[in-house]
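Each structure below is given as structure tokens.
One chain, chain A, links the two complexes that follow: it is found with chain B in the first and with chain C in the second.
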Partner chain A sequence: MGLYFLKRLGLSVVIVVVAVTMLYGMIHLVPGDPASIMLGPRATPEMKETLRVRMGLDRPFVIQVVSFLGNVAMGDLGTDVFSNRPVARIVLEQVPHTLVLVLISMGWAAMMGIPLGAFSAIFRNTILDKITGVFSIAVIAVPSFVVALYSLLFFAVYLQWFPAIGAGEPGDLVSRLTHLVLPSLAVGLSWVGYIARLVRASMLEVMGENHIRTARAFGLPESVIIYRYALKLAILPTITLIGVSIGRMLSTAVFAEIVFARPGIGKLIYDSVITRNYNVVMGSVLVSTALFVFSTMISDWITALLDPRIRENL
Partner chain B sequence: MTQRDCHSQQQSGISRRHFIKGTGASIAALAALPLLPRFSFSAEHNILRVRDYGDFQSLDPGIASNLYEENISAVIYNKLIQYQPGDEWGWQLDAAEEIEQVDPTHIRFKLRPGIMFTDGFGEMTAEDVKYSYERIIDPELESPIKGDWATLKEVRVKDKYNGVIVLKEPFQALWMTTLPYMAGNIISKKATEAAGGKYSTAPPCFSGPYVLESWSPKQRTVLARNPEWKGPKPVFDEIHIFPIDDEKTAEIAFEAGDLDYTRISLSSYEMMKAKPPENSTVKNFPSLYYVWVGMNMENPVTSNPKIREAVQYAIDVPSILQAGYFGVAEPATGIVPPGLIGHRPKNIIPREARIDKAKALLAEAGYPNGIALTFDVRNKSSHITAAQVIQASLAAAGIEVQINSHDSGSFWSLGDESKGDRWKEIQMVLNRFSSAPDPYYAAQWFTKDQIGVWNWERFANEEYNDLHQKAAVESDPKKRDEMYRRMQDLMEMSGAYHFITHEANPAIYRNSIAPALRPDGLPLLRYFGKA
Partner chain C sequence: MSSGNRQTGKWASVVYSLRLLVRDPMGLAGLILVTLMVGTAVFAPYLAPRDPFALDVMNRLAPPSQDHLMGTDQMGRDTFSRVVMGARIALKVALTAISLTLLGGLVLGLAAGYGPKWLDNFLLLVFDTLRSFPTIMFALAVVAVVGPSLNTVILVIVVTTVPVYGRIIRTQTQAIRYNEFIQAERAMGAGIFRILGVHIMPNIIGPLLIVASMDIPVVVTIEAGLSFLGLGVRPPTPSWGSILNDGYSFIRNTPWIVIAGGVPLILTTLGFTFLGESLRDIFDPKLRKDI
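Entry: the complex of A and B
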């Protein structure tokens, strides 16, 4: 088990380094000059050159990458030359907003999707199953930004139940939560469908297996069979899906952050790419890649803990 | 249904009836929610909530260069003079009790006594004015707004409150683009030096009617009343500024009651004007921006003046304004908008396309069967639409246009010689510059020394350069007006420019507030009041 975790950890570090290096190369291939964007038309060529030097853009590409990764190893993500603030601080200010949004979205999506999928499997081929199926496919098909816009128009503008913009008052839990309702609805809704369909398929497969039939033959109550034996196994692929979906949600969150004018790492990356603010792009991509790799690792870990067969194969 | 299915449904403890009952109860509870008291997010606590299009990165007036930074600086600092709210451009006294142009190169000022810097940094003096303005031209600061004080020689301090701004040469734009704008903010010498000579997001002290209370990056800036402010008491306890770059989001936030003032999109203007949200006013303001189609005079193809002229005659401005700007924006006659010195009443080239003339010019240029050109545009919806309209009208004249769309990062380095040779490939470009309420500001980018920097058309005209120098120092408004008109004539006659529009700045605000806006609709937050 310990070796498994060490291997995963090592692989994760390699993935992060490769991803960051690739992105570093890609962003430099795209034309655009951060000095011109930042300093505006009134800047002299000398001022632009000075800024390029401060950003380290005068050095060869390889040196820039190695220097960046070396600094990262020392815990330094660099300084944002635009605001003169540490990149790590800028990124860490935004990460909690995105993490909370993603976790709440996934949380409610799982709480809705798992029972829906389970009921769908239990009531297979009934009208309830069909309604659930239509609902699941429908929410998968609707893009997040459409959900965001319509939920804003209905719940924020028409009903005025929830605020339209921002992340709420710092230190006020109720305000924070009310500001999360609509963004998490937009980010999580399609995942209700994914999870429901996956749980239904897994449940149907598990319900047909020998150990379930044996349990029934022993006369165990159906609720025990479903919750204790069937769902526990059927939920394993869902845990893997949730782990991978955290990464997908990090990218989906950017839509919610723009539409709901929320702070967050997706919006930070978007703004930084537009302004060619390389230091912030690299710092935030590094953190979001690490988050993705970390969440996938955690889901594998939970799967291994829940399923003895996986543990034994390690 | 199989026997096993029936079995599972009966014994699972969750029957279909239970499930339907539960779902029904949930829907009923949801439907009852409107009967509950609504969450309230409106301005109940004397708070003004406005949207700006970006979040600040620096509040050091010597380093900040964006309008959204100036919107905050204008509230937390003082200037000798400030823009006057209203429909006509003008200025009013702020930190200065008196200010006058003694001669073309000397401006005498006297500060109002009793303007205090917070945090124990004492009273504002003429030394602070000297420090604030001279540091901008100090090469060590690398100020992006250095150009605004390009003609500053020094500020002479007479005594505690009196001083003289000494210019190297006369500069008429100073009164409308420097003193009441970004470069005019006065900061505390003592506090700034204590902070190491410059700062970014945490100003060491304030002197305006509001102070920076808190800042949540990319979320909200809160300005609170300055307890040490001796001037007229600000109307609002707090001003909350939300950085929202997407106009549609801002419109929804306004309709949801989360904002009191915001700029709205051109596409929404007519609809909101016809049916504004409850208790709100929608108004359109003329913008200072200018949009034009430029042509590279050094590209092998567009260096041919007949081709450039053919393009000018083939462009149909009314169609562009209808499709790209929803009929809200007015056509431009040049780079100087209406209401400013130097505005031309009409263009030389007609606004409406003259396809026959364009075809004839193309034939004269040696391309009777047509020609293909590239057209670089920014990936902004109004620009893409405008480019498509231009593409269609040019096609009618036999000019096949290939549109190259760029994100802003890529676009703004297109004509920059220091960033490679992409400038050589520019043939046609749809460009848009911001401006200030003096023609000098708009005209300065088209001089010879701007070629390869911001003069992407590579327009080099000695008469233009000469007039630009003379107009900057000319004190007679009538003569300045004639000079700037002539300069725009020269631009248009070169064939390298076809002026499209100055755009528009539609905004919406609650009827409960009395917004204080510049003639172009931009907010002067310190003067906002209640209706």
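Entry: the complex of A and C
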């Protein structure tokens, strides 16, 4: 048990280290040195040299990577060369905005998706099940940024029900929430489909098992069988999916944040890519990758806690 | 004679599968949408009523009319013609990226599944790492380094999806590498490339093609998404994503550009997904359980 947890943690740490090395190598080994690109064509050689030294680019590559990894381990992601502020602080300021968006999106998607999946498993092969099935596939297929654009167009520009841009006034909960409605619609919609399909499939599997047949044989009411015995087990795979989804939602959050001009880590990466601010790009991609890796790990831990069979294979 | 029989047998099963596909409403809808999309892409130059690059500054941001079915954009270019030509870009990126991914996945997956244990472990670590980047953020980082272009988009898609294919191929290869017919081949002195190419590959390629066809909408979405962010194809190339980007800037007063860019994208992703789902149910009902 404890061994599984440790091994899983070890794997996650290794993955993050390899990922950091890959990113670092990618940014620093390609032709065109970051310092001259950042300074533009009119920079003098002296200016470039100063910036190179400040960014630590004058040292051998391996030393750069190792010292970067060491700094990261101590929570230092370098300094933003434009504003002179620590990158870690810039990134961490944006993380809560994105996390709130992702969690709210996940929350409403799960609240819609779980009943929808259970419902279509119970009414298996009826017309209702078919409609839910097509609906699930359709929402999975539609690109989230198109959902974002269309909901912006319809609900914010045309109907004017919700605000179009920003994250709302700080401290004003109602304003914060109304600003979250459309972005979380865009980020969460396809997950309603994923979750509904997964819950339906695992529900059907559970309903065929012996303990459910026994419960039926004992004459328990159908509602007790479904809610107390079947759904509880059928939700297990959903937990894994939710863990994975956090990482994938980080990707869709980029679009939602840009379309609705919300602050967040996606917007930060986008803005720093446009200005070629490598240290911030690096730091924010790193933080979001770590978020992804560790949320997957936690969901694996929870699944292992709940289902001992999984601990065997890593 | 025997080959003739086999031929008719093959045809009969293709016709039978097509009949099953058409009888499934979802499959039929998918087939129609995909045919429309591919047809539009192939015959785009003949279907586009105007030159998608021709500027007409006097008529900029004109609303839909008989002259311009979907209005014009901020440079007076005909939106409908751009949407039609956009189908080409979408299909081109999808086919190129998916073929390259399949190729890369096959090479790495076979190496991991059939090669020595250390290679397997190393490749698995690489796969897991590449999969741990959130796709769009990784794409943004790559664009920051090599600059936006159609090839960058393809590169990003290939790098982020190869691990998925590699893992599937590795598992399948491991499942059959100790089968008796492989052992027999080895005993008869067959080389590693003959075993991999002639005996293992045909056994794993089928399910893989279904997975690949279901990835087309994903790839189309990534291309459009990056182009929407202005980090994909370069202007003035008409991509649905860049049309959406143009429309987004003028969303308050000229909503038709955003609508025109989004509808074909939605129809294409829906079409390929419906078709893929339906095909998978027909050819491989076992795959159905996992999403």
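Here, the second predicted complex is superposed on the first by the 286 of 314 C-alpha atoms of A that agree within 3 Å, B and C clash if a C-alpha of one lies under 4 Å from a C-alpha of the other, contacts with A are read in each partner's own complex, and residues count from 1 in each chain.
The definition used in the following text is that a contact is a pair of C-beta atoms (placed from the backbone, for glycine too) under 8 Å apart; a residue touches a chain by one contact, two chains touch by 3 or more.
The structure displayed is predicted, hence computed values, not measured ones.
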Checklist entry - Who touches more of chain A, chain B or chain C? => result B
Checklist entry - Does the superposition put A:Phe119 against chain B (first), chain C (second), both, or neither? => result first
Next on the checklist: Applying the document's definition of touch, where does A:Val259 land relative to chain B and chain C: first, second, both, or neither?
Outcome noted: both
Next on the checklist: Looking at A:Arg276 after the superposition, I want to know if it touches chain B, chain C, both of them or none. Which is it: first, second, both, neither?
Outcome noted: both
Checklist entry - Which holds for A:Arg59: it touches chain B only (first), chain C only (second), both, or neither? => result neither
Checklist entry - A:His211 contacts which: chain B (first), chain C (second), both, neither? => result neither
Next on the checklist: Applying the document's definition of touch, where does A:Leu159 land relative to chain B and chain C: first, second, both, or neither?
Outcome noted: first
Item to check | chain B versus chain C as contact partner of A:Lys7, first or second or both or neither | outcome: neither
Next on the checklist: In the overlaid three-chain picture, which partner chain does A:Arg228 touch, first (chain B) or second (chain C), both, or neither?
Outcome noted: neither
Item to check | Shared chain A surface residues [contacts with chain B and with chain C] | outcome: 30, 149, 152-153, 157, 258-259, 273, 276
Next on the checklist: For the complex, give me every residue of chain C touching chain A.
Outcome noted: 26, 125-126, 128-129, 132-138, 140-146, 217, 221, 224-225, 228-229, 231, 244, 247-248, 251-252, 255, 258-259, 262, 265-266, 269-270, 272-274, 277, 288-291
Checklist entry - Any idea which chain A residues touch chain C in the complex? => result 11, 14-16, 18-19, 22-23, 26-27, 30, 134, 137-138, 140-143, 145-146, 149-150, 152-153, 157-158, 194, 197-198, 201, 205, 247-248, 250-252, 254-255, 258-259, 266, 269-270, 272-273, 276, 278, 281-282, 284-285, 288-289, 292-293, 296
Item to check | Contact footprint of chain A on chain B as seen in their complex | outcome: 1, 4-5, 7-14, 16, 19-20, 33-34, 38-39, 41, 57-58, 65-66, 142, 144-148, 200-201, 214, 216-220, 242-246, 249-250, 252-253, 255-259, 406-410, 412-414, 416, 418-420, 422, 433, 445, 453-454
Next on the checklist: Please output the residues of chain A touching chain B within their complex, sorted ascending.
Outcome noted: 30-34, 36-45, 47-51, 80, 82-85, 90, 93-94, 97, 119, 122-126, 128, 149, 152-153, 156-157, 159-167, 170, 178, 207, 216, 221-223, 226, 258-264, 267-268, 271, 273-276
